[in-house]
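To keep things simple, chains are lettered A, B, C and D as they appear, and every chain counts its residues starting from 1.
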Amino acid sequence: MRDGQAMSRETLINILLAAALLALPFVAIAMEEPFYITLATRMAILALAAVGLNIALGLGGLISFGHAAFFGIGGYVAGIFASHAFNMEPMFSAPFEFSGSDQMPVIWLAAMLVSVFVAIPIGAISLRTSGVYFIMITLAFAQMIYYFAISWPAYGGEDGLSIITRNGFPGVNTANPLSFFLLCYGVLAVALLMFWLIQNSRFGAALQAGRQNEQRLAAVGIAPFRIRLVAFAISAAITGLAGALFADLNRFVSPSMLSWHMSGELIVLIILGGTARLFGPVAGAVLFVLFEFALGGITEHWQFFLGLILLGVVLFARGGLIGLVAGKARHG
Amino acid sequence: MSTALLIEQILNGLQFGVMLFLMAAGLTLIFGVMGLINLAHGSLYMIGAFACAAVAAATGSFWLGLVASLAAAAAAGALVELVVIRRLYDRDHLDQVLATFALILIFSEGTRWLFGSFPLYLDIPSALSGAVQLPGGGRYPLYRLTIIGVGIAVAVGLYLLISKTRLGMRIRAGESDREMIAALGVDIRTLYTVVFALGAALAGLAGALVGALQSVQVGMGEPVLILAFVVIVIGGIGSIKGALVGAILVGLVDTLGRFLLPKLFAAFMGPAQGATAGAAIASMLIYIVMALILAFRPKGLFAANA
Amino acid sequence: MKKILAASILALSMATSGMAYADPLKIGMITTLSGGGAGLGVDARDGFMLALKQSGVKDIEVVTEDDAQKPELAVQIADKMIQSDKVDLLTGIIWSNLAMAVVPNAVAQGKFYLSVNAGPSALAGAKCDKNYFNVAYQNDNFHEAMGNYANTAGYKKVFILAPNYPAGTDSLNGFKRFYKGELAGEVYTKLGQTDYAAEIAQIRDSGADSVFFFLPGGMGIAFMKQYAQSGVETPVMGPGFSFDQDVLGAIGDAAVGVKNSASWSKDLDNAANKKFVEGFQAEYKRLPSIYAAQAYDTANLIISASAKASVKDADAFRAALKEAKFDSVRGKFKFNSNNHPIQDIYVREVVKEGDVLTNKIVATSFTDHEDAYAKDCKM
Amino acid sequence: MADTVLSIRDLKKTFGALKATDGVSIDLRPGEIHALIGPNGAGKTTLIHQISGSIKPDSGSVHFLGEDVSRLGVAARARRGLGRSFQISSLAPEFSALRNVMLAVQSRQGSSFRFFGPVMADKSLTEPAMAMLERTGLAARAQVPAAALSHGERRQLEIAIALALGSKAFLFDEPMAGMGPEGSKALTAFLDTLRHEAPILLVEHDMDAVFALADRISVLVYGRIIASGTVDEIRNDPEVRRAYLGEAS
């Protein structure tokens, strides 16, 4: 029963990871290092974005090199809504007048809807291709949106858009770093639960079968295209939600959230933690933010060492952090 | 708009396309033979440019620099293949993306460590300065014409190499059947190293040629890398012919789009508005073209294995 | 009573020796030290540190971190410096988009921010803040100066060119604000574009009598090299960024003779500048750029203010900053109502001194120039 | 056409200069096993691909249960009850044998867009799947990942999946390939009973099995059906003997 042991070990690691991330801000308060709360929030939000990508990439085998598009779209929804609400200018007047919102539930919903709205045409075209073509066409769409954001003057273009005060959430003082962290952590927990449910559902079975063998999926009468398109849209919605939170964390959104580096980083988070693992994105985000933070403080050439570490992970730690500690991926 | 200007812009598009071809040829060759996605191809381009600039500054000769750029990029390529890339052939694309993404970080920061933070100087050789009279009254820089010539020469050279030589036969065999080539007694590991070094050398050559036109600085390879990927995807991954056609297409579309779209928009929206709106669409144009082509031909124009 | 007296005597003695301070001051410097834009950040950091070293002050501590030219990373570093390192004051950002990300947050948390380079229009106008001081310029200033210069130089038909992003459109708007002639063409290029053959062909075709361009960093280097190689003879001008010490080496002789605008030049004749240029060359074995000069001024402004007031007394410290009583390498320097400089802007020409390309001042475009946004600033 | 389950009319497909399928017409009637034989490279697998929908023919039609399915994709044809096994086993390798079959059960039930409810706890999926594994003799291997199954077991699993789909016709592409004599014998017996559930279009090289099972045989050579008839007719057809059997003997 090696598999059984590995499974329980992975569960144990997942629990430890979840507890550690939750504990970090409280440790920060005890140590009087409030910045670590920000760091923990960043970890939670990046993990959330990667959980979204993990649905497409981990479960569906759809290597999207353009998920920054949805991350940025979510961010811009938060920024644009907030700026209209702040200036009390209507965003549009027909069919009804709408002046943005500074309430997170409204913004989150909009971020997810807009992401899905954009993901469906992108997915519908991209999913006609596969392999490297899919990687590159998703990148191309993200680049289109990136250049559009840079040259669109209405919302700051390259300069980006500031969110003057962090958007609110009913009953929560979001300006308090700890409260905002807990909010993000809660969203992450819900997303992880959703990922787990999907992974074990009928939809998840079809999605994963499609990754393993597209021909087989079609031969049992399930069209891979529709399954994948829905997965791509769900994936985009979660990453878009993360983008909205990221904008609120930084109180700022700019086209760099849409850049191909960002897409690359999201992929890095997943592989670093362990592809298609429930907590892979969490492990990846925690590690990546720690590396970035610790190395940036040590040397000006931190990117050089970050590169070396990433390379080491790919070459010698297949299956990422969780794979390294928990053993081979489970079957089933 | 005069005919001379249009001819000049078409030549500009051609030159840009040829430059992209030098990048894309190596990328598509490496993908076709080894099935590897190499994001670090832009770093090899940068290495070529830095090697050329450094050697040209030390010796005063652009030509020595050019030789150095080929040597340095090929050496870097071979080294990377031996140390890192060869472990990635039987991995999925995901691992390849991450590993070569990591290589970009290492190469970029490593280069800055070595050469400092300021852009380097590299000018075109005096023998190639000046302009050539075009039919129709225009003038065109000799150096850019030379780049077009080099690109065509490389295209012909690659064609001959692949269709007429033993190495080319092995490359073709490697593309279609890896096991067969191993059975033929060809040392496939050496073949892969050679192909990778060849692709790297082409990138280095492009870097050196373009370095004389542009700024030799860290990160210069990344925009070109993305364009080169667009090119090979449009052309059909693994196809040298596709890379050539895709490169020329992207070069022409991008150059003419930048030139014509703002004029078009200005006719409707007025000069200042039209200039920004036209420029915005122009910057997205090649990606739009790529999406359109893939929507109708999901494996590009000349898919190698169709 | 005795203690206070002793302290004030101490302070007085230090003030006279030019190294006075009231309280320890911790500065967070966020700047670009990696990637393609690292040259500017390195110069800014070096200029800043040179001023601290020359002054000999001991109680100013600087923590420096690399923002990799990424806004999100800059925000994170700013948060860390404010929350963990407990800095009193932030500075160092080169790029406008990073400044827009960091500055509003930093001042909202009651910290001071002193800009060594970026001067986006929003922060000069509607979004100005009492704790935000720009020691460099407002983004439009150098472009306005070139627009004004184009008139005096007698240009009637200028072709203008900038990347398609906010600083690019601001730049061309700044130029047009003062330029009175007609435009031979107005072109926006892709941000990060490296091949300008198509644009140069248009310039040649347009019949322009001169070209004004704003293409920061590698874009400007590429444009100038290609322009020189194209054989087009139309004179070129631009803001000083594309002709400063950090990039001149890479452009080469193609830059010689080009007119450009800046608030500072190596040959400005004043004691502070002399001390700066000589000190910089001795310390770093290269000529300083305008980024180094602006950062050097920023450091000296901070030193002058901290000698007068403790940073813990924000109102007093702010007043001391606003007085701007320091020896600027730009000769004269004072703040406008929106905490942006009122200063002279010069026209410089690229010249060759021995083997080294550098600038010399040939004209003064503006005297005591203010930016166009001060009226929108309600402080 | 009321008594034909599957009716293929005049299919044509060329790859470049190669005529892979050159005007093929085949019928499959209720309760029969129709064997398709032919030398290597005759175009048998290409033909199966066109019938199942993974390759588009240049011209011709495929009718299934009286409906023209020529324009439908693989999944749509499978949903209508066209079950197939592959020449080279095609399974979800990381999934257990049970989950591979459950996927077919899930498809037959018609809902793959359920995002909640763990499949392994869903008796409406596990029980029918388990029943199919029992029928094909794989029950003991239910929890083994498909990748770890033996060659013969994978063949059996493919058939279990086709059964679970509730197929109304089977396309089996060389199900005996790579099986030992024991396995072949068992499978032959199994297919013999299966024909009463749904007719089978059988591509097979094992001539003993073909002659034991087939009601009718069609011989495909260079993309053309050169002969079609009962076992005896085919055995005695001079053209077949020359083109195909002659080569074999």
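Here is the rule we go by: a residue touches a chain if its C-beta (ideal position, glycine included) is under 8 Å from a C-beta of that chain, and two chains touch if they have at least 3 such contacts.
No experiment lies behind these values; they were computed from the predicted model shown.
**Q** Component check with subunit A excluded and positions unchanged: what groups of chains do you get?
**A** B, C | D
**Q** Taking each chain's centre as the mean of its C-alpha atoms, which one ends up farthest from the centre of subunit C?
**A** D
**Q** List the centre-to-centre spacing of subunit A and subunit D in whole Å, with centres computed as mean CA coordinates.
**A** 43
**Q** In angstrom, rounded to a whole number, how far apart do the mean CA points of subunit B and subunit C lie?
**A** About 36 Å, centre to centre.
**Q** I'd like the Å distance between the centres of subunit C and subunit D, where a centre is the mean of that chain's Cα atoms.
**A** 75
**Q** Please work out the Cα centroid separation of subunit A and subunit B, and write it as a whole number of Å.
**A** Subunit A and subunit B have C-alpha centres separated by 32 Å.
**Q** Any chance you could list the residues of subunit B touching two or more other chains?
**A** 108-109, 112, 276, 279-280, 283 - these are the residues of subunit B that touch more than one other chain.
**Q** In subunit D, what residues contact two or more other chains?
**A** none
**Q** By residue number and range, which residues of subunit A touch two or more other chains?
**A** Each of 147, 150-151, 153, 301-303 in subunit A touches at least two other chains.
**Q** Among all the chains shown, which pairs meet the touch rule set out at the top?
**A** By the stated definition, chains touch in these pairs: A-B, A-C, A-D, B-C.
**Q** Spell out the residues on subunit C that touch subunit A in their complex, using ranges where they run on.
**A** Subunit C residues touching subunit A: 33-34, 65-66, 68, 70-73, 75-77, 79-80, 82-84, 96-97, 100-101, 104-105, 108, 120, 122, 127, 164-167, 169, 188, 190-191.
**Q** For a test of understanding, state which residues of subunit A touch subunit C in their complex under the given definition.
**A** Spelled out, the residues of subunit A in touch with subunit C are 33-36, 38-39, 42, 147, 150-151, 153, 156-160, 162, 164, 246, 250-252, 254, 256-257, 261, 292-293, 296-297, 300-303.
**Q** State the interface residues of subunit B toward subunit A in the complex, per the touch definition above.
**A** 31, 37, 39, 84, 87-88, 91, 93-95, 97-99, 101-106, 108-110, 112-113, 226, 229-230, 233, 237, 276, 279-280, 283-284, 287-288, 290-291, 294-295, 298-300
**Q** Across the complex, what residues on subunit A touch subunit B?
**A** 57, 63, 65, 125-126, 128-133, 135-137, 139-141, 143-144, 147-148, 150-153, 260, 264, 267-268, 271, 275, 301-304, 306-311, 313-315, 318
**Q** In their complex, what parts of subunit A are in touch with subunit D?
**A** On the subunit A side, the touching residues are 194, 197-198, 200-206, 208-209, 212-213, 215-224, 227, 230, 329, 331-332.
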